[in-house]
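Below, subunit A partners subunit B and then partners subunit C, in two separate complexes.
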Partner chain A sequence: MALTVNGAPVPVPTDPRVSLLDLLRERLDLTGTKKGCNQGACGACTVLLDGERVLSCLTLAVQADGRSVTTIEGLVEGAMHPLQQAFIEHDGFQCGYCTPGQICSAVAMVEEWRRGSPSNVTQDLADSAIELTHDELRERMSGNLCRCGAHNGIVDAIVATYVTEGAR
Partner chain B sequence: MIEFTYARASDPSHALLLGAAQDARFLGGGTNLVDLMRETVERPRELVDVTGLASGIEETASGGLRIGAATRNTALAEHPLVRSRYPVLSRAVLAGASAQIRNMATVAGNLLQRTRCSYFYDEDGSRCNKRAPGQGCDALEGLNRGHAILGASDACVAVHPSDMCVALAVLDATVEIEGAEGTRQIAFADFHRLPGDTPHAETLLQPGELITAIELPPLSNEARSAYRKVRDRSSYAFALVSVAAVLRLEGGTIAEARVALGGVAHKPWRAAKAEAILIGQAPSPELFRRAADAELTQARPLRDNGFKIELAARTITAVLSDIAGDAA
Partner chain C sequence: MRGAATFAAEFAPENMAYAAVVFATIARGRVTALDIAAATGAPGVVLVLTHENAPRLKPMPLFMTAGKAGGGDDLPILQDAEVHYNGQPIALVLAETLEQAEHAASLIEATYEIDEAVTTLEAGKARGTRTGIAFGQPAHVEIGKPEDELATAAHRFEATYTTPRHNHNAIEPHAVTLYWQDGELYMHDAVQAVNHVAWSVGSVFGLGEDKVHVTSPYVGGGFGSKVLWSHQILAAVAAREAGRPVRLSLSREGVYRTVGGRAQTEQRVALGADAQGRLQALQHTGTVIMSAHNALPEPFILSAQSSYATKSMLLDIQVATLDMLANTFMRAPGEAVGSFGLESAMDELAERLGIDPIELRIRNEPEKDPMKGLPFSSRQVVWCWRTAAERFGWDKRQAPGLRREGEWLVGLGCAMAGYPYQRMPGGAAGITLTADGRAQVSVAAHEMGMGTSTVHTQVAADRLALPMDAIEFRYGDNALPGVVLAGGSQQTASVGSAIIVATRELVKELLQLAGNASPLAGLSADEVGTTHGGLASLADPQRYESYASILSRAGRFELSVVGQAPMPGEGMHWSMHSHGAIFVEARVNAVTGEVRVPRLTGAYDCGRILNPKTATSQLRGGIIMGLGAALMEETQVDPRNGRIMNASLSEYHLPVHLDVPDIEVIFSDIPDPVSPMGARGIGEIGITGVSAAVANAVYNATGKRVRDLPITLDKLL
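== the complex of A and B ==
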């Protein structure tokens, strides 16, 4: 019984009550992932599970058995992830509490968009090349709240990384 | 959370075997069950993970679709056949929760998600007949802005919170269930129950029974459909009122009309009285409003939710007008 966290194997906790979030923060000391509400309502705990964004607070660690988890720490490969750099350049945060969740969420959001996944504001469901407009972007990122109201900077950072400058 | 064990089911019969244990529960994405377990509203002793079971979407012989119970909400909403043939279903799923939650949530879990009534969640502070039968209902005289205007009882005024289910109601879906006695099908309209005196019994599903699939009958190419959700903020919020509708016009009159409401009742609400007014008539905004009013004469407001009656009437009228387009 093991899962992979940022490339390294980790044993599944023996107590199935341990959430993936608590495994990361309290047992693996990966404190980048944040606990905001612990009930699915804020997105601060967003991580990638087999590449898809999920909420680690509502995921039992044992549900991730045999699967691969990527956290904000795992996005750093030598240098900072381009989106991390862009968050700094575009003031994509104030207190920073929501930031790891925002960044993990955005990385997977872009993959969803690239494969043609529609959103609630997509005009035409048959559209195979949906444009990542501000409306689309805000709707697709609505699962990540920011109490500081850094949304404009967050949107700018994502646009600069994936839209204006093309696929990095 | 109380202590429990966890096992993964390898196939439906394995799931039924494990699920037969007392206090066992099936686990989908866990977005509702894990939350309620943390609040000790739900107290299973054994979780049987069924996300490894059927998650495909296939065409049926009759030209409809069969959706595996473990299909994730994201996969359902973005499937090409759902988008092209049942756009109302894609729209309803995309209107719910957030991308993260839709990635986790399964179709069966969405069907069985429980009410968001805050007294139901408040395990050690409030009275709730749904959580503890016979205890009383604190929502009746309490904060009930989000609660039901249709089909409620003195025992419970909670609403079913799902968006997806409103679309399934209007599409005349069927729920496929496997149990110890074999497989059975339940019409979607019958699957969820009104509260009556037993608000804890929310569906016709029996303990230990497993949902294996949802089937959609074919929808005529000429039929047009839409979903609209009204809520307090533009995303990541439950519906105050939502409307799914299907209309088919033939030679200037309405040949087929199906309307369902979300956020207003203990179950996805098929508006049969409105449908009866629409059939055979020439579409117009006045007709749509008359149909909406016919449905809502049976509405009963609570202290805080009277606004939902007019909101529902206007939303029905707007959705039908949108679908009818230039014909109305």
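== the complex of A and C ==
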């Protein structure tokens, strides 16, 4: 039994209670993924599982068997990810603890939006080209809490990276 | 950003064991039996600690009872069977893995003898209150004849405002990784007071503070909560008993159970005004809840002390003592909730007088500090009002309940923001200049996201006339110079003034080293300035020598100095505050009562702004916390057993992305003539005034006045 973490094969731990989050943090020393609640409420632990955003605290490591995990460390390949750069430019973080989760979440959120997945605030569910409006973007990021209040900067960074450049 | 910063729970010493804590489930009484057999025998368990086998320890020194006391409470930790609050740690399990520790902790069974407990404000009041002691003084102020003035004033307004308990909810839970070596303790801790923690932990274990090494390089938010609480002591005991490194990372529930939050308040505001709206009486009195084991009666009267000119004043805080976890400092202690009462009441008075609420406040602008009688060092309150009002479009405001857009009732509201300037004694900074023209600046200060390292790198670069990338700022370690608390919005002033002094020391030493062969020969420290990575004569800038050249001619590889900040005397001669005016648009759904805030604009006078980008972020962060307090935040306690019911981030609601509009922040950027660097605090003022501005906007939208936070939809239906 094995999964792939940032491209490298990793054996599934023998203790079935181990969450994907604790596997990353406590056993693989990939501490970029944060634990804010361990209850699925804060989004700090967001990682990409086969490209989809998941809360790694609510995912057992065994569930990731045979699948591919990308963490914040894996998003950096040589140079910084453009979104990471934008977070710095737009002051999208203060303490930085929610930041890896915000970034992983945003990367997958943009993919969801690009393929036309609606959100809770989408008016027309049949619309094939949903606009990433003020509310659409914020709703889709609302699972990632930030207590320092860096929300404006986070949204600005996402907009600058994906929206104004007409990335769609 | 790359996920490379190492937080307290991410240091991984060899052979580390994991701790999990068991919390009491009663409010008052004692443990009569603790069945630990199953836990002790569970796989991987290294140690189970209870009051029956824990070593004898002194209680934590309670915050403010000594210079470096940093304990949130001073209750015994695993020293006896008594339970003082629901959530108190009663056992700790240490195991090889986190999963094993958490599982074994769940196997511990406690039996209690339950005493009657006081768990509500009402019950606490019924038992009798006492006058709070805030910062060493009884929280009672009486100026003039407040009762007579109120009775005879042309206009009178009086109301009661209530605010619930709040929790800080930093996204990083409290955590420590620590180990003992040769009788000394090494802690990687998530704290905003490294020296206080070192000294206080030392005193619990009977060790000198030099035997306790605390580093806290990155802190995932603190807001007043990241000081010394029981978990660090528990972890240190476990590590010593087991003889191996320990990590204790509190669960989110564990943070709610053992780390105190802001206390509930019940405030009465009574205002008496003459026909023109000038205050004759300002009374702000009320009751706060507190435990018997802590030092902070939530000082909600602070705003009233300096906001308005008034002929008479009555301020008083009564304390109702509850069987509860110690409450503590939370962002803008006092003002955050006190400004809700006072600034709501000013809005209500303005309406009764038929005066614009801004105008009423400007009419009551004080010439000098209304309580202390001291002159203000700088006070641009009127500028704040005018600037923010114009940017926000205050002139569009209509009478209550008139503006409706579809289902939504729209209203505008405003409130004054304020927070006192502080600088605590003990600031010090070390500077080490090296022959390659670089400098290392070291202070036992903290970075919790406030931009400390950026701002001070900038200050040091400026003072030393070196490029920013030639400065290395070291912080978050009690081995470094200074006793600096990240709290009270005072860290920047404290560190900044120390850097200024250290730079002066450095200049003196450099001149000595320079000697007679230098173009600077014969000049005194007052006659030179720093420029282009060196020193130059102020009168004749041609007489210049670089640091590198001075050091290398003297054959020195480096030069180190430590500067001690002067005692903070500025606050004795001046009344010093940051000020602001905050404006809010509220939309209230006429069908559901839901409140949305699509616009927030604030103008702030915080002295000189050292870094506009990080300062704006600080202000926004505070404002968003204020928005949370206004609309959703409340720590709910079960009155039957004193247990926090919503001890999770899914049930304690924080503002999320969709709740947060773009927030406009404007600074006066007028330097304070008295404070070091001309700057005053920016960390706390943001939260102040916001909940009143929201309540005032909701009133303007609906005609309904909510005097009880948070303003949830049930209160508007």
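Keep this in mind: the second predicted complex is superposed on the first by the 167 of 168 C-alpha atoms of A that agree within 3 Å, B and C clash if a C-alpha of one lies under 4 Å from a C-alpha of the other, contacts with A are read in each partner's own complex, and residues count from 1 in each chain.
The definition used in the following text is that a contact is a pair of C-beta atoms (placed from the backbone, for glycine too) under 8 Å apart; a residue touches a chain by one contact, two chains touch by 3 or more.
Because the structure is predicted, anything quoted here is derived from the model rather than measured.
By the touch criterion stated above, A:Glu139 is placed in contact with subunit B and with subunit C alike. Applying the stated contact rule after C-alpha superposition, one finds that A:Asn6 touches neither subunit B nor subunit C.
By the document's definition of touching, both partners, subunit B and subunit C, reach A:Gly40. Of the two partner chains placed by superposition, A:Thr161 touches none, neither subunit B nor subunit C. In the superposed model, A:Arg17 lies in contact with both subunit B and subunit C. In the superposition on chain A, contact of A:Thr70 is made with neither subunit B nor subunit C. Annotation for subunit A, partner touching more residues between subunit B and subunit C: C.
In the superposition on chain A, A:Leu60 makes contact with subunit B only, while subunit C stays out of contact range. Overlap of the subunit B and subunit C contact sets on subunit A: residues 15, 17, 38-40, 138-139, 142-145. Residues 1-7, 9-10, 12, 97-99, 103, 168-173, 218-221, 223, 249, 251-252, 448-451, 613-614, 616-618, 620-625, 648-650, 654-660, 662-663 of subunit C are the ones touching subunit A in the complex. On the side of subunit A, the complex with subunit B involves touching residues 15-17, 19, 38-40, 43, 46, 52-55, 58-60, 62-63, 65, 105, 108-109, 112, 115-120, 122, 125-126, 138-140, 142-145. Note for the complex: subunit A touches subunit C at residues 15, 17-18, 22, 25-26, 29-42, 44, 71-73, 76, 80, 84, 87-88, 91, 93-100, 121, 135, 137-139, 141-155. Across the complex, subunit B meets subunit A through its residues 1, 3-6, 8, 27, 29-31, 34-35, 38, 47, 49, 51, 74, 77-78, 83-84, 87, 90-91, 94-95, 97-101, 103-104, 234-236.
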